[in-house]
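So that you can tell them apart, the chains are marked A, B, C and D in the order they are listed, and the count of residues begins at 1 in each.
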Amino acid sequence: MEARSIWERMMQIDRRILYAILAVNIIAALMARVAIEPDIPPPVKRFYDTIEALQPGDMVMVSSTWSAGTLAENQPQFEAVLKHLMRKRVRFTIISFAPPARDISHRLARRLTEDFGYVEGKDWAHFGYAPDIIIAVKGMSEDIVQAIRQDVRRVPIAELEVMKGVKSLKDYKLVVDVTPSDTLTYWISYRPPNLKILYCPTSVMAAEAYTFLDSGQILGMITGAKGAYEYERLLGIVGLGTRFINAIQFSHVLIIVFILLGNFAMFMQRRTSAS
Amino acid sequence: MLFDTTQLVVALLWIAGAFALAIALIPLLGTLPPRGRFALISFVTFIAGLFFAAEFFLPVGEDNKNILTDPFQKMQGSLQVITALSLGLGTYGLVRMHLRNAIQRRPQWGYSLVLLVAFVVMAFFSVWNTMAEKGLFGLKRTPLLENAFTLLFDYTLIQLDATMFSLIAFYIFSAAYRAFRIRSIEASILMFTAMLVMIGIVPLGKLISDSIGLPAVQTAEMRTNPFMLENILYNLRLPQIASWIQETLNAPVQRAIEFGVGIGALAMAIRLWLSLERGIN
Amino acid sequence: MSYQHAEDNWFAAILIGFIALAVLVNIWRARRGKELYIRRIPGLDAIDEAIGRSTELGRPVTMIPGLTAFGVEAVQALTIFKYITKQIARFATPMRLLTANATVYAVAQEAIADAYNEAGRPDLYDPDSVRFLSSEQFAFASGVAGLMQRERVAANFMFGIFYAESLIFAETGNIVGAVQIAGTVSFTQVPFFVAACDYTIIGDEFYATSAYISREPVLLGSMVGQDLAKISFASMIVGGSLISTFLGTDHPIVQLLGKPQGWQPFVEWLSQVLGR
Amino acid sequence: MDWLIEFLPSSVERVNVWIGALCTFAIYSILYRENPFYRFFEHMYIGLAAGYALGPYLVDVLYRYWWEPIRTEGIWWLVFVVPFGMYLYFIYSERYGWISRIVIGALIGAYSGLAFQMFSSRYLPQLHSALTKPLWFPPNATGEIFLSNIFNNWIFLIILISVMVYFTFSFEHRGAVKRTAILGRWFLMIGLGAMFGNTVMARMALLIGRVYYLLDSWLMFRVGGG
């Protein structure tokens, strides 16, 4: 009788206790100061190598559509990618397909570029918010001045120094898609044929993207904040990914333990009630 | 300047005329019998689809364009305008419902009032902000706008948004303990794979594999001779297993799903385009 | 690696034309009264079993179309709910259908009333059994969870389009010990349904279930047409792999099958072969 | 003591951060139970989100794709888009409700028409990739191909075909086909398991981001790692 009540009580545990356990686990792991070296998965390595192969002055488009909701996943990716691009002295332009994403990415890029001596308009530019991704990608594939007209500060695109010798997306080497939503489909569908795509999705969308990695429709992928951590290790920097990784991995351990615990408790409860 | 003003007046006249036409057509449309209505809707649906389909299928010239490629941008723009209007429709429905709640003092009408106040204040600053960006009507960014927008957007809306999204983590955790059951073969395969992936993709997986002494790197010799003991041990490392699951086992599954979804979406597009779908039109 | 126009590889146009034809011809056949075959999927047995168990217990059954807006999926989810209602009407088991969309709510009321009529038990229809709880995701979820707990439901059917709120339904169902069957085309939620439900109807199976029950010609014809497309995809994959293996991965036939700019090499190769 | 002075909401920026923290706690209070505090912030959230959308979606879109082309490029036919688009708003009318379906029909039609390029660009390269996986060392091998690649190609083909077989419905599954389909469902579970693992990671990361905000911006603790 005694044993039975233990399993039963375990099953009926108040959900608020579970929530508290998770919160405490995350706070503790965030405060912990241990660092475990990652194993670099092939998609991250290919991502790194693709950017590493760029020449100074090459053009890269960063498509940044994330905002607050997925900040924890996309901001570490965005920062790591921008730092890598600037380290390679590559020119880049940013475009957003959601209004809040424009504000966040512009502010963040301004802050990051200062440290690398990048000047807005000369070394990089922000194209602002384009309400429709099909129009934007198809239009930019023909003529960027026509399709975008002004950058986010209302400077005409034609007057930007960074756009010298660049007419359309065909003159770009790469597009990096940092996104929490289905923007990849449109880049895949409407880009100029030879523009390569690198992908920074939230982890939710990562498993589905392996088919595109296999087919070569995307060349490399950074999976969420965890991928950003691996990327930061490749770059030898400390960023948000590094700060988050312990909390991520210990929450995984916690979940696995509790799945097993829940199943075990149910199993025991069934067995004792049967006997 | 004078020229610009005349042009503005002409544009406004055109728009007024278009509105007049749209309103004048309503009583006329009202006389249509149900059969005619369906025919009209199907016709419009078909023509709208035909344009985009033809742009894709028609042969192109040297410059990789056909006669529809240039109007495509404007058509897609119009589509976007209509989509924006339909989003406005959702907002209209929401405001209508809560306005009614508040006016009729239905239960919990106080919350409806909160919603309406938040809506009006935010809409005011958001529209002002967007117009100031474009320099429309001579509107400018003032400190009031900057401060109010920062407070409402950065420190309220964005925080609420991020928090709402993060709630799911708690629900997943509680479901993990109380709902995710290894009750069948398929659930076992799923949960087992999930656990391997969850541990294999984080640095802990590498740590565990290293600490039980599995080889950390794959040499060229191991690559050419897959049946070497070292190579087998190397492939048993958690990160390698997780990678292999995702790249070799998961990729074809996702591709099969993609093909199914893609073919299904194409079939659905054809049904909708030709107004064959039941219960929708 | 992308298609700007069909001319990039006319094979795209041919393939789309074939799929369109397969779908349209089969819809036409079905409408002409031809009995098209759709196999009975195992998910239906699972549904029947769950109905059986709930009637034994005599407790209510819940049906949840999730946040599905009114559209193709909502119509098909309602078809399945109607089927379930007809079955449980024979044993007078009470049911609750909970929606988060006003249009779906209105259509569902009609559908459920119909179901009771068709089962010959119009007296059992209670308008209050179809409810609109809230259009807000988590408010709806907590409303559903509350009801499931209060009424200790015996079976829970979730069909439609789902987002993160599905976790809350599935968890509550487990706590009250309900048999749970889910069916959805939202692949991101499928893993959680498989882990938390007794059976999950996945992706296209959802459409097939509804086509099997309703015998709706458009749906049936389309399913059969899509099958033809899938079979042609599979045979191209097997055939293409063999050609790749024996004749090389850049053989003109392989290039024709899907590679942008693959049309030209194929035409040249073909005229060479035919010319010889 | 210094920390406390910095922590308190004494400047505009600190007040903002405190409001952010308040919003976070208000939403999390639902985890304890449904309460008026949560409901207040929930309704505020919906109101703010709807209000915010008006600026970018209506002004940006209408200005950029409607007003600007009419004014600067003189594309007059565009003037008809908004008046006829407004037919959508008949949806609440008993008598003229059907008129809104004309506009909805145009939207549905357009998206159907766009599906063809999407289908070609998204799925055909995947089809091509699926059939360029040689099942033995091919005659034109460029670059190194190892036995493990061939092995993985076989696995890829088997899984792809069996999952596709599982999703066929127009013929009876029996015998070998049935066994293939069952195998297909099991393989499907592996893919779903990978999705499961990654989704859990994403959800946890979002929560971690929130906790990080509370610790870093609000409480001003320096968070570790590395």
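Criterion: a residue touches a chain if its C-beta (ideal position, glycine included) is under 8 Å from a C-beta of that chain, and two chains touch if they have at least 3 such contacts.
Quantities reported herein were computed from a predicted structural model and do not represent experimental measurements.
> Which two chains have the most C-beta pairs in contact?
B-D
> Find the most central chain, measuring centrality by the gap between its CA centroid and the centroid of all protein CA atoms shown.
Answer by centroid distance: D.
> What's the farthest chain from subunit C if centres are computed as the mean of the Cα atoms?
The chain lying farthest from subunit C is A.
> Round to the nearest whole Å and give the separation of the Cα centres of subunit A and subunit C.
31
> When the centre of a chain is set as the mean of its C-alpha atoms, what distance in Å lies between subunit A and subunit B?
Those two chain centres are 17 Å apart.
> Where the CA atoms of subunit B average out and where those of subunit D average out, how many Å apart are those spots?
5
> Can you give the whole-Å distance between the Cα centres of subunit C and subunit D?
Result: the chain centres lie 20 Å from each other.
> Specify, in ascending order, the residues of subunit C that touch 2 or more different other chains.
1-6, 8, 16, 138, 187-188, 191-192, 194-195, 203-204, 230, 233, 260
> List, in ascending order, every residue of subunit B touching at least 2 other chains.
56-57, 77, 79-80, 84, 134, 153, 157, 159, 161-162, 164-170, 172, 174, 176, 178, 180-181, 186-187, 190-191, 194-195, 198, 201-202, 246, 250-252, 254-255, 257-260, 266, 270
> Two or more other chains in contact with one residue: find those residues in subunit A.
19, 22, 69-72, 100, 131-132, 134-135, 188-190, 204, 207-208, 210-211, 214-217, 223, 226, 245, 248, 251-252, 255
> In their shared complex, at which residues does subunit A touch subunit B?
Spelled out, the residues of subunit A in touch with subunit B are 11, 13, 15, 18-19, 21-22, 36-39, 41-42, 67-72, 100, 103, 131-132, 134-135, 138-139, 147, 154, 207-211, 213-215, 223, 226, 229, 245, 248-249, 251-256, 258-259, 261-263, 266.
> Could you please specify the touching residues of subunit C with respect to subunit B in the complex?
It comes out as residues 4-7, 13, 16, 19-20, 23-24, 27, 71-72, 75, 138, 164, 167-168, 170-171, 173-175, 185, 187, 191-192, 194-196, 198, 203-204, 207, 216, 218-219, 222, 225-226, 229-230, 233.
> Can you tell me which positions in subunit D touch subunit C when the two form their complex?
30, 34, 42, 46, 116-117, 119-121, 124-136, 138-140, 153, 157, 160-161, 164-165, 167-173, 188-189, 192-193, 195-196, 199
> Can you list the residues on subunit D that touch subunit A in the complex?
Residues 31-32, 52, 55-57, 60-61, 64-65, 114, 117-118, 121-122, 125-126, 128-130, 156, 191, 194-195, 197-212, 215, 221, 223-226 of subunit D touch subunit A in their complex.
> Within their complex, state which residues of subunit C touch subunit A.
Answer in residue numbers: 1-4, 8, 187-188, 260-261.
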